[in-house]
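Below, subunit A partners subunit B and then partners subunit C, in two separate complexes.
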Partner chain A sequence: MRPPVAERETVAPEALRLPPRRDLAPYWLLLPTALYLGVFFVYPMSQAVWLAVSDPRSGQLTLEHFQRMSDDVHFRDAIRNTLLITAIAVPVQIALGLAIALMVNTCFRGHTMFLYLCAIPIGISDLAAGLIWLSIFIERGYLNAALGALGAIQQPVTWLSFERRDWLVSAIVVTEIWRATAIVMIILVAGMQLIARDYVETAQVFGASRWRTLLEVFLPLLRPSLQTALIIRTILAFQCFATVIIMSGRLVPVMAGESYFWYSLYRNANVASAYAVLILLFSGSITYFYLRALRQRELDVPR
Partner chain B sequence: MNKATRAMSFLLAAILIAVTVPPSSSAPAQEILFTSNQLAPVEEQEWTRNTLLARFTQETGIRVRFVTDNEGPYVDRLIAESRANRGNIDVTGTLHSIFPVLHAERVTTDMAPVLRQLVERRDRNFIPDLVEAGKIDGTQVFVPWMQATYLMVASRAALRYFPSGRDPMRMTYEDLLQWGENIRQATGQRRVGFGAGPRGLFGRFLHGYIYPSFTGSQVKRFKSPEAVEMWRFMRRLGGIIHPSTFTYEFMHEPLLLGEVWVAWDHVARITPALRQRPNDFVVLPSPAGPRGRSFLSVIAGLAIPRTAPNPELGARLIEYLTRPATQVMTLEGVTFFPVAREASRAVPSSGLMVIANGVAAQANAADAKTALLPVGLGARTGELVPIYVDTFRLIAIEGRDIEQTLGQQARRLEDLYRAMNAPCPPPDPGVRPCRPD
Partner chain C sequence: MTLRRLGFASAVVMISAWVLLPIMLIALAAFSPRDVLYQWPRPLWPSTFTLDTFLFFAGSSGVLAATWNSVVVAGLTIALSFAIAAPTGYALARYRFAGRDAANLAILGTKMFPATVLSIPLAVTFLRWGLYDTLLGVAIVHTALSIPFVVVIVTSIFAGVAFELEEAAMTLGCSRAQAFLRIALPMALPGLAAAGIFTFVLSWNEVFASTILTLDNRTLPALVLSSVSGAGAPLHYRFAGGFFMVIPALVIIFLIRRYLLSLWGVTVR
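Right after this comes the complex of A and B.
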């Protein structure tokens, strides 16, 4: 029963909430999404987990596939390379994305054009991006042609060489940065639009330098966007695959690549799923870490 | 129920009906589905649809839907249809090394009746070895379709660096090394290349060419003293191989770019270079080692799946594809060689002459030894070749100890053969399970 009107002024704010509605409409509206997620995400994911831990013949639980995965000659390299590429590429992408977003935010002449130009790589698939950069780095590629025309080199340099694993990783990192900085930038530009000009103007009134405004106004208010960008980029970096395969074959093994090879080359869906589960564990832990580390301070206040 | 809820329920019901009611009818009877993991490059697909199969449709009025895919999805679809006991695929064509997988999954049927009808037409004599290769446990699982091999191709300009006094048509592995070394000294660049990328066929070079040429065996003598000798040679060869070789998949690309002057690959993957610039390249037989000139003979076969909806129409397609005139057309279109004697005698047009001569020089060399793709590993067939490629990577690129690495990799081979109880591939006697000694 609703409290009489006279009493309303005195009751605690909680009591002001409307009584729970019996309307099922929200659930009906959620149903298509839930069905979609269930059929295309939850079901395949649980199937992958099941493939990773079950014996294909007896159907019993087993760790055999994880055993085979970790015994493989590529296993350690795959984890190391994935972490290495992620650790280098993601911070650079965030820094670059932030720099571009800040530049766009100054609304200089032609900033929309600049924004569109920077956003082009979003529309290019990772496979195509890999091919573009492959045609730059190969011996008869654009880089050597440019350096040769400038007279910087006499003989073409073999940038992608099995003797220089560090160059290979660098080439992959450059490709990844080119390909995925744009998405970070878009997220951050959108985040900046939400920051009220008042804060920036107030900082200016108090004589804060641009640098201080960035550190103490923009960055804290951008935290939710940064969090989103970090989570998306890191998870996708754990899955990076096409660019790596194109630039380095299997010389720089990565986790998603190994999953692909176990499935398509070895025709073993179980070990491929074990890799997929491993990637899921990595992605899950890093997301949890980001959510905790970048939590909004207001929520930290004990109640 | 309010309006929104009612609308949603209606929508939901509509979705459910759409999902559960199967699409009305299957394809019309005069259309058949032909799947393959061969003829997969776009140009080959186009040729297959617009030339090869278009003529069949013209002749018979039967339309053919041609679907090609990578090995994984290709095999998966056949297996899925077999397990469901209901299928759409009428004819399928693939490598002889994949048929054991299909046979184990009960995808295939006995093709002996179809083969018998073809032989009774008396217009085509299948090469007996190829027919024999199509038998698994006494069942004829495929009708021979096309064959191919792998060989060396070199730019004409590179021939002047070939070791003096030696004959390129009778090349040895030492000659190849010296050749690469001469090029390197003269130009400062490494110009010998292999398709060692993920979809490259370098693994075939290791297990089917250099291993038997040095040890006389593909699997059994994997870690023998001769194999250790061979890997010492591979390490030296590593010094003349183009450092980007691990990105190559189809060798005609680096050949045409001029990055590579001497290459080894599947005929289909070097033909585009010869078609574009027939006067710039020569085709040479694969090199010989201490135990002869081993080369792989690749056989592709045709089969009608057990669940095929139109097996009679499928048999007509097989008749057309194995007809000598079609076989010559296939050779000229996609450089797969004929499987019938009548077609082999036809002289290929000038562009293909270079390749045909190279193939003949390889097959007819005095020291030639034919190896076949290993079979019998069933569902785990795909694990074999990467063991060889990994060994190359560990020994020749990462410089690991040869004996130790061979011991470790031999254990993998042994586990694989023991798990599948598979026989040693030729030239070794087919002992089950094969065990590297």
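Right after this comes the complex of A and C.
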């Protein structure tokens, strides 16, 4: 497995031996990316904010769109559901991803096969994942078929219905966990490869149990990767969209879904942008929170 | 000790089943006769297999065109994102310069950014520019989404190709560009191909932006989503469609398995 670039910098200072260059070449090479992201990333971002706070006709600043957004019947539900799905799915993804990564890291026979197998959902879209789990949870789906074959039920159970909002949310959460644990796992496996074996061995020489070595040496060293996985997963969960639409239509409103409906159903780009800005605000604040809460303490082992 | 190994082995089996079983089930549904999907008691294993369900999906109006659109958009995305981001990746791997850390951080930031929210303002802008409902418009957004990934993987690939080899070529009379073209590029090619394939998946799978930015020229995910959410497509259409979209993913993850770690393994410190 090719170690990522970061390791080469910390472990073998190979890159530092490169001839120091004072030329402008790297800046020229960076220019296309900077320009492109400026036009198609930074500009639309400012545009989103502008659409959300300006009147489309007069061009004056207004809070009217935010007002319409928050007056909408789905507004509270959308925020509540998005946060609920995130709050359940992300911790499970982190725990499961960490468990799989630790198992891969023991390098048991067949561990690479196991790694690739667990990585498969990375290539599956939220839309396809929604359709896959729909075939399980729908009324004539595999779950009911299995329960029926076991004799547990006589009539098919309607799992995905308006009356059972909690079942709907659970089905969405299960699908999210199935699909996105793979990304967490990959980030953590990559992070584990950066941890020098010496630390673990030293702990064991000094008589630490496996469990203590894991908790007090290994996991603290893994913190940067855990933090990345947590941020990436949370932000992506705030945008959950296709899985939710496939499973529930609009029975479980979420923020990205509302943005979609306001744009394509009501043809209102301003309120849709207000939702976009809301997602942006949520993502920004949670990232800030994670970076503060998980900041490396001074007494910790330096990496 | 054996108990521990037994527990470990069963955990491996259970997790593998958890990942694989749903994929097998959707494949089963895609090749089941239509009436099996609606009957009760619902058999777990269909008595016959058929291509009808799958062909029904493939023959539904717009599916073939949308598949072609998806391929075109993915191709455009690969071309655009490599043209724009590959030089940046090379620079980050080969040069030390002021602002290098800031550039790395910016790339990481764009990777974490909730980029789908950009689709709404871009739709408004694209209407003005005449890019709305065009494949190029979708490809432009997909390029913005894949640039951070292309930069990261290209950086790690060229960091893995020793600069000394390029230097050696230069002492033997190659120019800087020749050394790059004849030495570094061929060695980096497999990794670059993997990055290209990953970009393909990213674009092939993207739903939100494609749905927002198109009306008639749908990509496949946009078509499936709108026919499910808008027109209430029948179950067999949904299952066959789900399976159809998963196939490339299965092939592709196998192809780029060696590079998965470098695609995602960059961290905030």
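The criterion applied here is as follows: the second predicted complex is superposed on the first by the 274 of 303 C-alpha atoms of A that agree within 3 Å, B and C clash if a C-alpha of one lies under 4 Å from a C-alpha of the other, contacts with A are read in each partner's own complex, and residues count from 1 in each chain.
Heads up, the rule we're going with is that contacts are C-beta pairs under 8 Å (C-beta built on N, C-alpha and C of every residue); 3 or more make two chains touch, one makes a residue touch a chain.
This is a predicted model, so every value here is computed, not measured.
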item	value
Clash or fit (per the criteria above) of subunit B with subunit C on subunit A	clash
Partner chain(s) touched by A:191 [first = subunit B, second = subunit C, both, neither]	second
Which of subunit B and subunit C A:134 touches, first, second, both or neither	both
Partner chain(s) touched by A:25 [first = subunit B, second = subunit C, both, neither]	both
Subunit B versus subunit C as contact partner of A:162, first or second or both or neither	first
When both partners are placed on the shared chain, which of subunit B and subunit C touches more of subunit A	C
Contacts of A:279 with subunit B and subunit C, given as first, second, both or neither	second
Which superposed partner A:117 touches (first subunit B, second subunit C, both, neither)	second
Partner chain(s) touched by A:144 [first = subunit B, second = subunit C, both, neither]	second
Contacts of A:288 with subunit B and subunit C, given as first, second, both or neither	neither
Partner chain(s) touched by A:125 [first = subunit B, second = subunit C, both, neither]	second
Superposed model, subunit C segment overlapping subunit B, candidates 1-9, 55-63, 181-189 or 253-261	55-63
Subunit A positions touched by subunit B in one structure and by subunit C in the second	25, 28-29, 32, 134, 138, 140, 155, 245-246, 249, 263-264
Contact footprint of subunit A on subunit C as seen in their complex	8, 11-12, 15-16, 18-20, 22-23, 25-26, 29, 37-44, 83-85, 87-88, 90-97, 100, 103, 106, 110-118, 120-125, 140-141, 143-144, 147, 151, 155-156, 159-160, 162-163, 191, 201, 204-208, 211-212, 221, 224-225, 228-229, 235, 238-239, 241-242, 245-246, 248-250, 252-254, 257-269
Complex contacts: residues of subunit B adjacent to subunit A	2, 4-5, 8-9, 11-12, 15, 70-72, 75, 101, 188-189, 196-198, 200, 242-247, 257-259, 379-383, 386, 389-390, 393-394, 397
Complex contacts: residues of subunit A adjacent to subunit B	23-25, 28-29, 31-32, 35, 73-74, 134, 138-140, 155, 158, 160-164, 245-251, 261, 263-268
Subunit A residues touching subunit C - in the complex, by the definition given at the top	1-2, 4-6, 8, 14-16, 18, 20-21, 25-30, 32-33, 36-37, 40-41, 43-45, 47-48, 50-51, 99-100, 103, 106, 108, 110, 114-128, 130-136, 138, 140-142, 144-146, 148-149, 155-156, 178, 182-183, 186-187, 189-191, 193, 224-225, 227-228, 231-232, 235-236, 238-239, 241-242, 245-246, 249, 256, 259-260, 263-264, 269, 272-273, 276-277, 279-280, 283, 287, 291, 303
